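Both of the next two complexes hold chain A, though its partner changes from chain B to chain C.
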Partner chain A sequence: MSDFHPNARGGFLENTLEGLHSAMERALYAESAAQRDGVLQRLDARVKVAGALSMLVAVALSMKLWVIGAIFALAIALAVTSLITIGALAGRAWLGALIFSGVIAIPAVFLTPGAPVFGSPMTVQGLRTGSFLIMRAVTASTLIFLLAYSTPWSHILKALRIFRVPVVFVVILGMTTRYILLLLETAHDMFLSRKSRRVNRLTPAETRRLAISSSGVLLHKTLHLSGEVYQAMQSRGFRGEVYLLDDFRMRSRDWFATGAFATLAAAFIFLGR
Partner chain B sequence: MLFELAGLTYRYEGVTAIDGLSLAIPEGSRIALLGANGSGKSTLLRLLDGLIFGQSGTITFCGDEISEEHLLDDAFALAFRRSVGMVFQNPDVQLFNPTVFDEVAFGPLQLRWRKTDIRDRVDDILDRLRIGHLRNRVPQRLSGGEKKRVALASVLVLDPAVLLLDEPTAALDPLSQSEMIDLMVEWGGGSKSVITATHELGDLESIADQCFVLDGGKLVAEGRPEAILADTELLRRTNLIHKHRHGHRGSLHSHSHFHGISAR
Partner chain C sequence: MHIPDGYLSPATCAVAYAAAIPFWRVALGRVKRAMNSRQIPLLSLFAALSFVIMMFNLPLPGGTTGHATGIGLATVVIGPWAAMIAVSVALIVQALFFGDGGVLAIGANCFNMAIAGSLVAYGVYRLVAGRSALGSARRVIAAGAAGYAAINVSALLAAIEFGIQPIFYKDASGAPLYCPYPLSVAIPAMMLGHLTIAGLAELAISAGVVAFLQRSDLSLLRSTAGGVRSHDEAGIQPRPLRSLWASLAVLLVLTPLGILTAGTAWGEWMASDFADPAARREIAAVSFRHAVPAHVPEGLQRLSTVWTAPFARYAPPYIRGALFGYLLSAMFGAGLIVMIFLLLGSFTRSAARLGSDAA
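Our next item is the complex of A and B:
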């Protein structure tokens, strides 16, 4: 029989609930940040999408580390003036980018042939390659997070349509976001109800059974839900093509920002050759 | 006739949800589909809305057969979707757009209305349902009652001639239930057809002038609400009422009981 731990922390249920809760918190943060009165929030979504894309191109093409650093500094300045905290960027954009690019970059530091750094196994060329990889990943993820945190999701989707991204892709993106959130809530409620009926700490075997059965139930709910959603869409006239209301309006500040983004992107591409 | 069903049968996963059903619904009528959970009410609404199709039998709308093949025809499909609107029991399945405004505008956009008309019409329906302040909110962040109103607005904006409602007052607080009933009674000034699937009998006489009672996918009774409500044996047999026991002046008292918001 398993030990009785009424206030046990760190168990499977608690960790899962915490994970689900923080995922919902992140979604809420993005939603509230997009409503703030910052520099980026005041711009037309199309300008921000085009600006982010042009900066991403500049980051990808740059052969000089200081140019990527300058774009990163610009992104930080935009984050601060858009009332997006550095903490939020660090936790949500940088950490993931550092981990994923670090996994590739760290071996490259040692394995890339070249001159050793002060007699260590690291090489100058390896350090340079690793720094490029990490800086590019961190700067690109900062730019994307700035766009996502300063623009309502619906506006990003509409802007994508204006840039001729296929309707099916945009609709799938929109619905996926919507139903990821709904499933997070469903999963959260499901695990909470399990927790309310549990008095003992779960054994590893029980944890595995719970994880498997919960996945099965969630999959079943997802299938059922997606079928019902499709019927609800059909009922209101959906026949495979989606039409959107695009009520964007360019103001003088949007034209100014467009010019600024275009000039900066061109300058960064030129300087980074 | 608005809808005519002849020997309609629908099965899924080995279960017969609708079993050889034949009935006729005239235009402008207010119909209640009564039955306990699993009696086939929701399935029948989906069949009437052309979302699922029976394995045998026929179903027609104003004389035109509702079939998968017929709904592939653009002209028929657009006219049918323009005429028939359905509000689902679970509002979450109906709310898949990023904002309330987009949600309500979804139907008119699919039916290719002019964009200026859509904006005016959406604003109008949001104001009429007193949810104008929610227009820029994300649907999944709303309360249950607000979600239900948005789901209703997303259908009413199309001004359909036929409104199909699946348990419209389920999981609503008493005030929201009462407002929903008022809306159903007043909607269209009585000229529209409203078909409501419900097992709540409290306001039956307000929302319907004809009832169909379903049990196990079969039609077991039809008639005016007062006649159906008076048939206690039928209601008990179809699990629409149950014996309720409670203390009464020192002794245990029991009587038939049903759920609804009107005090009786």
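Our next item is the complex of A and C:
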């Protein structure tokens, strides 16, 4: 989400509804993709989290474009074998990363001091730094989407415990992902009902009022829901102690994948120096 | 403002994580101590709310739209430490599952927005709101100022993190390895959008929702009101700041008048002025006809290149219109000064409170 959108098209209600719908659709796609019978889906969540992070570190440390390209190619191969379509990756991971990084990288091609490319205002150093930005952003985005699309979100959050993330933090993260979907749906219904009763386009002032009052109403609903959730937790025996069901089991293929990720990450870091 | 992966070096990311972890630990500890287990669903739901609010794009003056982050609102309603956790959780979920912001950059994004943003928002809110009644208009202004200050401080920190990359990380050919823009470009480029557009969105949401809560459920503003309970129980009413803000706004609008004045202030010459015959005549005229040095003084020449101000001579190079450049410089300068004094005031008050506690 960028902070401002100078060329936003359509009305506030339409744009907001589209944004909310797209976020819900993305979450649902991730859940369905995580159930497929692909290579990554069969691995333990902890292995995938550690593998994705080690590859991200290799991407960030690499000072050679071809090494980042090799990690990107590996990510594509993993996506294909995990039954995650290239179209899904392109629409959800690459497009946003390319647009955001392109806006920043293109001026850098001309503004970075260095040797000109065939007498043009572009510089060799500018082209190189722009390529680094775009390659890193797209590869990192692909790795994270692979993780999010091959693993149930609740498993990813539980796997964060391997990094000593406090249990209470993991529980809050888990509840947040669940309630984001609920609040997205609530906000979607609020705006849809407003849209269905609207005859004319809203003026900017009316739109601001609508956004602010909707945020206020959503805040009320949130606090009300928080009380209800707490009562539900208490009725199920919650007394303030937080426990996490840890049902992960490492099998031989998980150990093999751990070794493969560790070897590849070390090789990429070494080659990218 | 969500920094993606690839823009910051791993070392910067590691430093940001190291800076964020102590705050997260203190925040979790405080939240656990201050509240009961009821806090867990509240924090989760507030993080979810912050996520959803980020999807509302408000139309802003100039035909653009901007979205708020909810930092100011979360801080005003649940306090800075709980807001720190809630906004961090929202940012982590965005990075992990929605690709908004990098995973290695989570530490930096959380430090900029959740940690620094919440603390600044709280300081500004308490300072501006003072001991005013919960239902007063001053609290609405305070919430707006808190949101505005929070997002701008967050943007400034992000700009500094971007801007230091080309200083430290280049390859053998001199090409920057991460964000390529130096501080002189990164700071104005980030602040331009945040002082004018994103800041306004944050201001509108924070102030608007607090005004909404004043009409619908005043009790929600109690936890950060510092003991003020209702209009009747409000303590001493400080002098209203409304007229002061209005005067500041009028002065800002009038700043382009400065373009009409001719000449340079005495002693504010640039090194290049010593080589310009017209500028030399001007220097001599205002220096009681003292002889102007034939060459630029060596020390002046050397030191003048140490720092290139992003808004040099109140005319940013990337703004074509002198009028707009002057006005933008005034807004940036005034905003920065107000922010510094608000922070200083907040620190002074904290120190005074600690002193009185110790006594």
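Criterion: the second predicted complex is superposed on the first by the 231 of 273 C-alpha atoms of A that agree within 3 Å, B and C clash if a C-alpha of one lies under 4 Å from a C-alpha of the other, contacts with A are read in each partner's own complex, and residues count from 1 in each chain.
The criterion applied here is as follows: a residue touches a chain if its C-beta (ideal position, glycine included) is under 8 Å from a C-beta of that chain, and two chains touch if they have at least 3 such contacts.
Model, not experiment: these values are computed from the prediction.
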{"item": "Contacts of A:Leu192 with chain B and chain C, given as first, second, both or neither", "value": "neither"}
{"item": "First, second, both or neither for A:Glu31, with chain B first and chain C second", "value": "first"}
{"item": "First, second, both or neither for A:Ile144, with chain B first and chain C second", "value": "second"}
{"item": "Partner chain in contact with A:Gly237 - chain B first, chain C second, else both or neither", "value": "first"}
{"item": "Chain B versus chain C as contact partner of A:Ala108, first or second or both or neither", "value": "second"}
{"item": "First, second, both or neither for A:Trp153, with chain B first and chain C second", "value": "both"}
{"item": "Touching partner for A:Leu182 - first (chain B), second (chain C), both, neither", "value": "both"}
{"item": "Touched partner set for A:Val229, first chain B, second chain C, both or neither", "value": "both"}
{"item": "Shared chain A surface residues [contacts with chain B and with chain C]", "value": "153, 175, 177, 179, 182, 225, 229, 233, 238-239, 242"}
{"item": "Chain C - residues contacting chain A, complex", "value": "1-2, 4-7, 9-10, 13, 24, 28, 32, 36-38, 40-49, 51-60, 63-67, 73, 77, 85, 89-90, 92-100, 102-104, 171, 173-181, 185, 193-194, 197-198, 201, 204-205, 208-209, 211-213, 216-217, 220"}
{"item": "List of chain A residues in touch with chain B within their complex", "value": "31, 152-154, 157, 174-175, 177-179, 181-182, 185, 225, 228-229, 231-239, 242-245, 247"}
{"item": "Residues of chain B defined as touching chain A within the complex", "value": "46, 49, 51-52, 74, 77-78, 81-82, 85-86, 88, 90, 92-99, 102, 105-107, 109-112, 115, 118-119, 138-141, 154-155, 158"}
{"item": "Chain A to chain C touching residues, read off their complex", "value": "1, 3-6, 8, 12, 15-16, 19-20, 23, 26-27, 30, 52-53, 56-57, 59-61, 63, 92-93, 96-97, 100-101, 104-105, 108, 111-114, 124-126, 128-130, 132-133, 135-137, 139-141, 144-145, 147-148, 153, 156, 166, 168-169, 171-173, 175-177, 179-180, 182-184, 187, 204, 207-209, 211-216, 218-220, 222-223, 225-227, 229-230, 233, 238-240, 242"}
